[in-house]
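Should a chain be cited, it is by its letter among A, B, C, D and E, assigned in written order, with residues numbered from 1 in that chain.
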Amino acid sequence: MNYYEIIFYVFAVLTVVSAGVVVFSRNIIYSAFALLFTFTGVAGIYVLLNADFIAITQLLIYVGGIMILLIFGVMLTTNVTNVEITTQTLKALPATIVVAIVSALLVSTMVSTKWAVKDPISVESTTINQIGELLLTKYLLPFEIASIVLLIAMMGAAFLARKN
Amino acid sequence: MLTQQILDGLSKFYPETILSVTILVIVFVELFFKKKTRVSGWIAMAGLAAAMLFTFLQVNIPAQTIFFQMVAVDPFSYFFKVLLILSGFLIVLFTFLSDEIRSSEFKTQEYYALLIALTLGGFLMASSVNLLMMYLALELSSLSSYVLAGYFKKSNRSSEAALKYVIYGGVSSGLMLFGISLIYGICGSLDMFAISAYLSANPVNLITLLIAIFLMLAGFGYKISAVPFHFWTPDVYEGSPMPVTALLSVSSKAAGFAMLIRFFLVAFQNAGHPTITTEGLHQYITLPGLHWPEVIAVIAVATMTLGNVVAIWQDNLKRLLAYSSIAQAGYMLLAFVVVSPQGISAMLTYLAVYLFMNLGAFFAAILISNKYKTENIEEMKGIGYRSPLLCVSMAVFMLSLSGIPMTAGFIGKFYIFSALINNGYIWLAIIGLMNSVVSLYYYIKILKNMFLIRPQGDTGAVSFGAGYSVLLLALAIPTIVLGIFFGPLTKFAEYSVQIFGLK
Amino acid sequence: MLISISLLILFLPLLSFLILIFFGKKLPRQGDWLGTAILIICLGLAFYVLLNTGASDKFNAIYNWIDLKDAPGFGPVKINLGILIDNLSAIMLVVVCLISAAAHLFSTKYMEGDAKYNRYYAYLGIFTFSMLGIVLTDNLLMMYIFWELVGLTSYLLIGFWYENPGPQYASKKAFIVNRIGDVGFFTGIMIVYVFTKSFTFSEIFAAIEAGQLTGGWLTAAGILIFCGAIGKSAQFPLHVWLPDAMEGPTPVSALIHAATMVAAGVYLVTRTFPMMSASALTFIAYIGLITAFISATIAITQNDIKKVLAYSTVSQLGFMIMALGVGAYTAGFFHLVTHAAFKACLFLGAGSVIYGMHHEQDIRNMGGLKKKMRITYLTFLMATMALSGVPLTSGFLSKDSILAGTMAFAGLTGGFNYIIPILAFLSAGMTAFYMFRLVFLTFHGEPKNKEKFDHVKESPLPMTIPLIVLSVLSFFVFFSYNPIDANIGWFAKYVPAVQTVVPEAQRFDFQKGTTEHIVNAESPASETHGENPAAVEENHSAFTEAVHHAHYPAMGLSLFVAGMGILLAFAFYKWKKFSADAVAEKIKPLYTFSLNKWYFDEFYEGVIVKGLLMLTQAFRWFDNKVVDGVVNGAAYVTERSSSGTGKFDNSFVDGLVNLIGSVVMFFGLIFRKIQTGRIQTYLAYVLFGIILFYFIFRTM
Amino acid sequence: MHELKILGVGILSWITFLPVLGMIIVLMLPKEKEKTVKWTALGITLLQFVLCIVLWMNFDNTLAGINKIEGFQFIEKFTWIDVPGFAWTNRVVIEYFMAVDGLSMPMVLLTGFIGVIATISSFSINKSIKGYMALLLLLNTGMMGTFVSLDFFLFFVFWEIMLLPMYFLIGVWGGPRRIYAAIKFFLYTLFGSAFILIVMLALYFSSKDPTTGAHTFNVISLMDPANLLPGSLLAGSLTTARLLAYAALFIGFAIKVPIFPFHTWLPDAHVEAPTAISVILAGVLLKMGTYGMLRMSYGLFPEAMVYFGYALAVFGMINIIYGSLCAMAQKDFKKLIAYSSIAHMGYVVLGMSSLTTQGISGAIFQMFNHGTITAMLFLIVGVIYDRAHTRNVDEFGGLANKMPKYFGLVIIGFFASMGLPGLSGFISEALAFLGAFSVEPIRVITIISTLGIVLTAAYMLWTLQRMFFGTLPEKWSGLTDLTAREYFMLVPLAVVVIFLGVYPSPILNMMATSVNQLVDFVSKSTSLTIMGW
Amino acid sequence: MPNFQIGLTHFLVISSLLFGLGLFAVVTRRNAIMILMGIELILNAANINFIAFNKYGQLGVDGQVISIFVIILAAAEAVIALAIVLNIYNNFKTVNADEIDNLKE
């Protein structure tokens, strides 16, 4: 067992278990915080896949931004005063069966298909300059459109959240 | 070389740039006004007009891809740009004339910005050749439509519609993204031409590809509200403001169809084989073993049948029009089963015709809700006698939607059914015909209420201003004219079937 | 020349109809004089035509009515109308015009003061026109046309007083029964046309002789054409309408339901006699026999004067048809002519009695009119003697020759056919009995109804003249100088037996092998007038031989039978030896059976009419419930399934949607329920959709 | 082959589009001036009828034009829509092809005549007369166009044009359950025309016009099997596709005739429609079904027609017997007439199925006669309904004395519909029977159908007795006899019925050659043994 | 797993699991915000896919650039979704998705 595998299993278990907690926990606060661990676990996986820049952005934006946002959402919408902040799961047995089938299907195909895997070649220390270069050449247009998306998102959210 | 390519790309990217500039100008100008004004509306109209002008200028440049094969500028995208601008223009007019918006206390500044953003999203969806670009465009138009749907913050209906829309949209785009990742996994690239080259060259595990396609279909289906993915449509259409419903039902659906056509025809086009078949009909040969036309056929039949069948029970006009737009999507998908230029041109013709009759129907619905304060069909008894022009044009739209001869709807359906019969899909044609007979029932039900029953309560004539009737006629006349003199439209549709990258 | 005269005779009554129907009211005396004058002119012309046509002359004129040019696979389609004057039609012309003139004259008094007086005369005019049409025509289709026109006029005349229910019901019954007969007639025409490609008699006979129509179809054609006669001449199954037709005015009964219209059937059989095959003739004979016998038994117990005469007419028609059936061609036609005269006289006599007794028709409260109405009594008595077959009368001659014919036929064919003469003689006897019963009850004995009897006085002149003329015609002298033997009379010579054209196989045995010395070659006569020398030549066929032998025994027998009948009548009603009621009491079931006209009316009413009405109700239910039900049924299903919502415009929904519609609505309901409004269920459905598609298309 | 042009436009186009002109004029008139609206409408229909008479005068009886273009008369043929083919879609050529031959001439005359009668009888309409007259004129164009057009697309377009005005005419001006009846009528006919559309398209795509090389809708060139592309759907003879196409066409037209299983819309439509519309519906619209069968089914699928000849005869018989029996059970006078017209159309179908000259000419003549006779019957119903506002037969009685003139015309109408010789009904029924009887296999069917005559006589006389004889109930003491306007409607019809009864050759000669040509064409086009010979 | 050497499939399995859990959260949890969390999980799963395929397919850094864009879009969507959820809270005083169903049939 070399270190690589050990670290992989640690992160894998971390992510999946915390994701489980997020989904199955009664208390929404607990699930919000479990989400924190899931995102960090995912960041770890990115590191394993030597996508260092992505790991950092993941931590920065998901954990820093979206997680906080969700917690705000939780705080604002569940008046903490009343004790009942638990949210039962919808007793929807058929829904669970459907989801179970979908995920089983996915897993089985993932395992069974012979992906076109090429042998690993040496990889530079950091991917950041390649990403930077690509962003401004090949993916220039998506980059600009992403900026417009963010503008629209901000404007829309501001409008909806405004009181007047 | 890099900057040269970017500059060259920019020179072909004027319409989109103009739209983005319009968004910024709207946001900027609105800061100077306190109370509600229509200025941003006029700016939006100006922006759309400029975009239309530049699109016209683009008409005779050869089909090509720009920005490092992200976006294609070809007759196909040109057709949809024209369509989207037209519908955007009309929606802005609808918003001016809809009391619902006028009476609401919200400033309409964001409204028009989001409208332009949605149109821009549509532009990119129609012309994107890269899956990532396509996903981005989808997100842009979806996000703006979430906010538009929930525009009346105070009303329960609108906010509920927005909630359902955002959750449903989010999940669908999530599924689509997972699908895209699978395809990326299989083919190693997100560029459609690379995908088609890869798929036609080396053997691929069909099961995974199939799953990837179904997940992608979740995304497309959500956008054009095809059957298994249509569940959001009735509730969102009923909840959101009337002009937004019109917008969703026409422009976002048209963009969805553009995306669907380009993806399936380009990505799964068998690059190796020539595409001219025996009797001169242009036939795309799909990948052996991958029978996606059958998938589309099943979805089309399901969409048509469910749309028509449930519409019979509706007595809320907006919900009825929602189900009718689902059914119309079904008819268009029907044409898509015929994977040949004749099928695609039939689809495009139907889309153009669908724009006029659907927007017309929605505008009439707006006027009815303005003056009679009701969306319930049963309460529309006898209004044919009180506001004849409105009801006659409503009759024209209804008959055209149902496909009665001498209306544009008939020509649309005529081309679709002749394409089907010409390529041997007799049974699909028959099912389509039976569906249009069933659809006739609920379209005529509205006319029955308007004309055949005398008004009970006050029978005072309710007239509309000149502006309203001019717009009504502007929509009704093309619906009839295109029914008789449909030459140029079909030629334009046939011309714009040339998708970049297809022989 | 003769053609133009006969056309004149034909269209004059039509002229009178048109004038009277449009301008009748404005004419003085509402135009009855016009009608009568026209008829008298026609009578004169008819006599002229009779005198100028030789026994074997044939004057023919054709007019092309419908021309459908050359039909592929069939040949030229030409439908012509034509006039044919030969011995038969000449005589019938005279008979029809005579009786019609008599009826016109009689009605001037009888119908005086009626509200629709001019319309009555108009109807008489058009009746005469259509009757003459039947007589003069040379083809089957034209005969069918006039056949139905006669049916129409009898409908109008029977239902003349349509205010009260009796005539209404009788006229409708008459028309429908006639129609049933006509349908048979038309089917017969169709068979003939399809095989011989023509309607005209001469062409048909030539074609049959050439063998174009043989075997089963020929017999079927014969019988079906005879169906027309059954309907019109009130033969056995369809005789029920004639007694009810007595609801019409009496002159109408005299004209139509005694002499002319009912005789049309016999005339038709006479015309188409050559094409009748042996089996068809036997069928005709037996129908005639049954009719004669049944109606004779019924006539005995009837108490209404007109009903007795009606049933006696049916019986006599049965005799004529039977005569033709057994092959006594001349005898049948002879009886037709004589019967027309005295039966019309009897009816008009009854009319004057009714006129005198102020519309009293029941003979039980008549009696002793002998003294008050001398002329009517005498003429009535004379006609009764003719009808009963008393010697020195025309009736005796004709009936005797018929009976001789039946005996000859029985002799030749033997076997079961002997029943024919037996029943024939029996009916002749009964005829004598009920006629004299009628005479005694009405004219002899004490008047039963005092105050009515006092007002009785002899009918005025216009009513008595026709009576006298017709009764005189009942004497034998007009038909044959020798009161005993009819064969040497001018009539027998004028109307010789016609040779059958039926192929050899389908003839009576005694007719086989006699074609070689056929008498008058059927050459289509040209317009030329004049005696054809070879025409009248003695016809040595086996049948005439047999008739000669049977002549005297038949005469003896008929005298005996008639005598017995009269004796019995005297015993019962004149000398009152036995009381009729006592006898009736003894044979109670038989009496009531006969009184109720063998329950034919009840049978038809109960079985056929009721059955038909029930059938129509069944069809109406089927149409509303099953065929239309598909639509309403669908609505019913939707009604039930949508009871929850109940928001619909019920009258609209339950009518509209058809079965497919109901399926559509049903699915609509299901799919509608899917839209639960909860976002999670939507997402679940989406995933379910994806899985479903996956499993469907995985197999592809 | 001679032309007849007025002001440069062919006479057929004049006859067809004159009513549209009239409609435009009527629409421009102010709403209040009801009299002018009525009289302009009448003027237009009269003008159209006069043009029909002119057309009849110049009609040459010796020409027969079923499948040979030179046999047709007053031809107007030029391309209406010509969309040049692009890279892959080939040329779309739709012709404006109008012409008349022996088959359509009687129908044109009938439409003109009934159009005038219906307009006169529409004078009694009071509710928004302007809209009514406009729709009536549009309907007139639809009918006339169907009979004269020889291009399947044009035929179908006129067929659809007829649909909408009828829907509104019944739906707005009808009786109590008018909406139900209107919708039912509309959906039934549309269901039928859906089938016709499919066959039209199938034919279009499997045909190749000899001149233009593109697909074609031209009926004449479709008749010639050489023009059908060898590999296409409907090529060849007696293939299942062709039989299916024939069956689909049959259903489409059978709904219009109406033939037994598809007839339930007729009684409702008639009961609810106003008098004038019932006159047009029964007078002309029913004939479009049978005319369509003669022109399209016989012309385009002759061998399928022979193959299904026996079935058609059976349908005819069912119609006769079923219609008469249902009529006998009706209480509503108008519904009784409706069922009687189902029975009379049964004669037409029987005659048509025989494929003999007498049969088919009998059928066409019956279509003409049924048009006039049923129009008369519905006007008779209208007269009574305007006065008594009830159609229940049992509520009347003794009308003969009360309204003698009316009774006279009723007698003519009733006895004509009973097929009494001397009136036009008899000749067509006799010819139809003679034609059908000469065909061996359907001989038994014809005999059964002759029962129809007795049944018709039964229910007609029964109705006559219940309504006109007997004593007059006192509530009808106020009934007045015919007004002048009603005279103008009924007398011309009576005159035509009597005149054609006595002297039928004007109509019969008109169709004789064409019918012979049709029979010849059908018999030569199939190897099957023709039933008759 | 057949060979202990960590291969592409391991990562894909993880992403599928995350995807499944995300879906489960979306479909069964009643609280709207829980659904948003579910959506985030799904998007993360897709991201893992992208990067995994990118590494093992030797496709340069395209995959990573794509995942950047995915993260951007996830953020934008989360913002808008939350704004709408807050709006719902103001109007309906509850955030349970299954109680908000008066737009139905």
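Quick note on the criterion: a residue touches a chain if its C-beta (ideal position, glycine included) is under 8 Å from a C-beta of that chain, and two chains touch if they have at least 3 such contacts.
Please read these numbers as outputs of a predicted model, since none were measured by experiment.
*Asks:* Going by the stated contact rule, which chains contact subunit A and subunit B alike?
*Replies:* In this structure, the chains that contact subunit B and also subunit A are C, E.
*Asks:* Going by C-alpha centres, which chain would you call the most central?
*Replies:* D
*Asks:* Would you kindly say which chain has the C-alpha centre located farthest from the C-alpha centre of subunit E?
*Replies:* Chain C.
*Asks:* Which chain has its C-alpha centre farthest away from the C-alpha centre of subunit D?
*Replies:* Chain A.
*Asks:* Is the C-beta contact count larger for B-E or for C-E?
*Replies:* It is B-E, judged by the count of C-beta pairs in contact.
*Asks:* How many angstrom between the C-alpha centroids of subunit D and subunit C?
*Replies:* A distance of 38 Å separates the two centres.
*Asks:* Provide the C-alpha centroid distance between subunit A and subunit C, rounded to the nearest whole angstrom.
*Replies:* About 105 Å, centre to centre.
*Asks:* Which integer distance in Å separates the CA centroid of subunit D from that of subunit E?
*Replies:* The computed centroid separation for subunit D versus subunit E comes out at 68 Å.
*Asks:* Rounded to the nearest whole Å, what is the centre-to-centre distance of subunit A and subunit D, using the mean of the C-alpha atoms as each centre?
*Replies:* The computed centroid separation for subunit A versus subunit D comes out at 74 Å.
*Asks:* Which subunit E residues sit where two or more other chains touch them?
*Replies:* 12, 19, 22-23, 26-28, 30, 32, 35-36, 38, 52-53, 57, 62-63, 69, 73, 76-77, 80, 83-85, 87, 97-98, 100, 102-105
*Asks:* Please set out, as single numbers or ranges, the residues of subunit B touching at least two other chains.
*Replies:* Expected reply: 132, 136, 139, 143, 146-147, 150, 153, 162-164, 167, 171, 175, 185, 188, 207, 211, 234-235, 313, 434, 441, 448.
*Asks:* For subunit C, which residues are shared contacts with two or more other chains?
*Replies:* 652, 656, 672, 675, 677, 679-680, 683-684, 687-688, 690, 694
*Asks:* Can you identify all of the chain pairs that touch?
*Replies:* Touching chain pairs, listed by label, come out as A-B, A-C, A-E, B-C, B-D, B-E, C-D, C-E.
*Asks:* Quick one: which bits of subunit B touch subunit C in the complex? Just the residue numbers, please.
*Replies:* 163-164, 167-168, 171-172, 175, 207, 210-211, 214-215, 217-218, 227-229, 231-232, 234-235, 289, 291, 294-295, 298, 305-306, 308-313, 315, 378, 434, 438, 441, 448
*Asks:* Show which residues of subunit E lie in contact with subunit A when the two form their complex.
*Replies:* Against subunit A, the touching part of subunit E is residues 4, 6-14, 16-25, 27-34, 36-38, 40-41, 44, 47-48, 51-58, 60-65, 67-69, 71-80, 82-87, 89, 95-96, 98.
*Asks:* Over in the complex, which subunit D residues touch subunit C? Could you list them?
*Replies:* Residue positions touching the partner: 177, 179-180, 183-184, 187, 260-261, 263-264, 322, 325-326, 328-330, 356-358, 361, 398, 400-401, 415, 420-422, 426-427, 430-431, 433-434, 437-438, 446-447, 450-451, 453-454, 457-458, 461-462, 465, 468-471, 504-505, 508-509, 512-513, 515-516, 519-520, 523, 530, 532-533.
*Asks:* In the complex, go through subunit C and note every residue touching subunit E.
*Replies:* 672-673, 675-680, 683-684, 687
*Asks:* Show which residues of subunit B lie in contact with subunit D when the two form their complex.
*Replies:* Within the complex, subunit B contacts subunit D at residues 280-282, 340-342, 345, 404-406, 417-418, 421-422, 429-430, 433-434, 437, 440-441, 444, 448, 451-453, 487, 490-491, 494-495.
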